[in-house]
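In what follows, chain A forms one complex with chain B and a second complex with chain C.
Right after this comes the complex of A and B.
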């Protein structure tokens, strides 16, 4: 590759990186707002999150096209090639996590139309654990930090444990007081989405590991 | 590209295509077996599906690596490049659908340990609609048939409608007879996975459209 071409390539890669980071910060915003909206059953905030989803979808499309263009124009090798193919995967996971913020927001709107019930006891803990995973996975991308990425992968078990606990609690609650079944179903769906968000954060962490080390951990 | 290199490239692409088709047929097998296992709450079959998941994961890793190798060695352009980057996305969706067969199988095992209840009325219809989407999306990849792919995308709404109906039914059932709450929670999770399977089939259909037409429909 000539020096000029190499320079333009480095500029393109940096631009790409910045767009992924931008997508990550919009995701962080939506995640934080979703957590607030769920806490207070805030319909206006929920609607805002749903509306923002288009922005993420658009960014995903742009980055996807840019990756394909770079592959075609620059024909990168080794680490650069790994980085670009991994970014193509990472943006899908970011987009899915954002989708799940929007999906949870739909359930917040449903909950707002029902008599208010107590949120499951472990919901706050589950949210905290998931949020940390999402933020840490974006950070580990920005910093190419595989130790942080590895911590994200390990944290997933705790989220799954909270999911099981809350499922059990909601099951007991519904059996004792069938009048709260509709709300409990909403919370069941919410925790399913939270669990999926953590799974996608784990996927991203796996791709970051692949970028840095070349080791493919899929499954 | 020289003739020899072009020939080796065509062979590599064909090999890649065959591996995706192989992954698709294992997925079809798991989908069909999962449907049978759910119908009869067959624990042995459920365990077999869970065990088979490793095979799909391994194939995904192999195909992923092959795609990256082809990108590095052959530096393909235009349609070939689109095809390879799309295959990298498609195999993720195939792997996720297989995951969801395994996830449903876990709930089949849970259901087998509870008193037997009636399955939701629309479950059979939802399963039929989802199954058709999965099979048609694999077919449309094999045949590069964008009309079939487009029919898959349109079919997703019907699956979502069944999801809503069954949710409502399970909500009523639990309110009338709280003793079946645990089984109903299992069925809620099962239909959530079925709905996700249809979503992933839709994703694959979108990628097939992209391979053939170059139009990116993400979101």
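Right after this comes the complex of A and C.
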């Protein structure tokens, strides 16, 4: 053969890929900003993150439509089929992670209206672990790197552990000092969202593995 | 995509004797796009395609009413069939190269139109074969018989032969139904490439093909156009139940 074929279909796939990458980079931005905003209880930044959520939702919708068009019109097979079906799942997870950035931002705004309390001790560690997962999962999509994807899947246990530790810490804090219950509840919600963000990153990593190897991972 | 009318079809009816093969066709066909006609056998799609370059003129007992204009000029009233066919080329279901060399096949049309200078013909042959994405495969055997290459290659030579007289429109009547899947994809790629310079109208039994390459799709049934819309719309969300049933394989 030697001749490049189905150029317009290939261009469509590339365009789709670029849109997913764009969605991923917006997510990375929101994740980083959410982390900053949580650290400093920055209301303005939190509002910006909430507003940006619409951008992600719109991209998700565009990508969904393009995937459906490609399925309807191009009969993708093998890697192409795995990629398109996986992208349809991946963008749902990206959209959910972005939603959770916005959800956390709502709690940042709530916290800003309460007397400042000390953040849970392991919060910084939990955030770092989750952030690495989100960023690595986007990178592993871009690079089709299944080793990085499998590292993401393994990292989820650490995030779960931080979640348990912080729950316990918050429970102790609330028992000792009922005046900080409102703030502690906010932090409890925040860490639940952080834990879910890591779960969604794990899902994405599983779909990336499926694209590359064809193996469906239970999880 | 900008819709610039190439053909405007008004109240077109066609009869073979007492049999009405086309019923009141009204549609605009657009420049620089690929329009696909789909529908079950006997639905009128090929008959309609042939009215666009008056291939039905010589069919005995045929009667046509209504009109078709190309760039505003009535192709039945105000244009002779030879001029029309110079501007509207056609590629058929079975590759039909003439029993002569590849070179002579492609040079055939230009020669008829009075071009005999070798350097000019050489240029036309090379350009046309390149446009038809077959040059690299045949450039070393231009003097060989066009019948001595594969079906897929023959079809691309026929496309080159059509392109050699620089038409504005290319009609394709099931151009890949006799070809293997790879040759089919090559012709599809070629059509997608050619639409930059030509208006392409294709009849196909392979509706996935219509989905892959066309901008607009018309669904024909018993001589009528049931639905005509953007291909994306037809394949994702047809408005008519009959179109839906046909493209989902519920009847055919």
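A few points about this structure:
Simple rule for what comes next: the second predicted complex is superposed on the first by the 213 of 219 C-alpha atoms of A that agree within 3 Å, B and C clash if a C-alpha of one lies under 4 Å from a C-alpha of the other, contacts with A are read in each partner's own complex, and residues count from 1 in each chain.
To be clear about the criterion, a residue touches a chain if its C-beta (ideal position, glycine included) is under 8 Å from a C-beta of that chain, and two chains touch if they have at least 3 such contacts.
Bear in mind the structure is a predicted one, so any value in this text is a computation, not a measurement.
For chain A, the partner with contacts to more residues, out of chain B and chain C, is B. By the touch criterion stated above, A:178 is placed in contact with chain B alone, chain C being left untouched. In the superposed pair of complexes, A:109 makes contact with neither chain B nor chain C. Of the two partner chains placed by superposition, A:158 touches none, neither chain B nor chain C. In the superposition on chain A, A:75 makes contact with both chain B and chain C. In the superposition on chain A, A:146 contacts neither chain B nor chain C.
Shared-chain residue A:9: touches chain C; no touch with chain B. Taken together, the two structures place residues 68, 72, 75 of chain A in contact with chain B in one case and with chain C in the other. Of all residues in chain A, only 1, 3, 5-9, 68-69, 72-75 touch chain C in the complex they form. Residues 133, 136, 182, 185-186, 188-189, 192-193, 208, 211-213, 231-232, 235-236 of chain C touch chain A in their complex. The residues of chain B lying in touch with chain A in their complex are 54, 57, 60-61, 64-65, 67-68, 71-72, 75, 77-78, 81-82, 85, 88-89, 92, 95, 167, 170-171, 174-176, 178-179, 181-182, 185, 188-189, 192, 216, 218-219.
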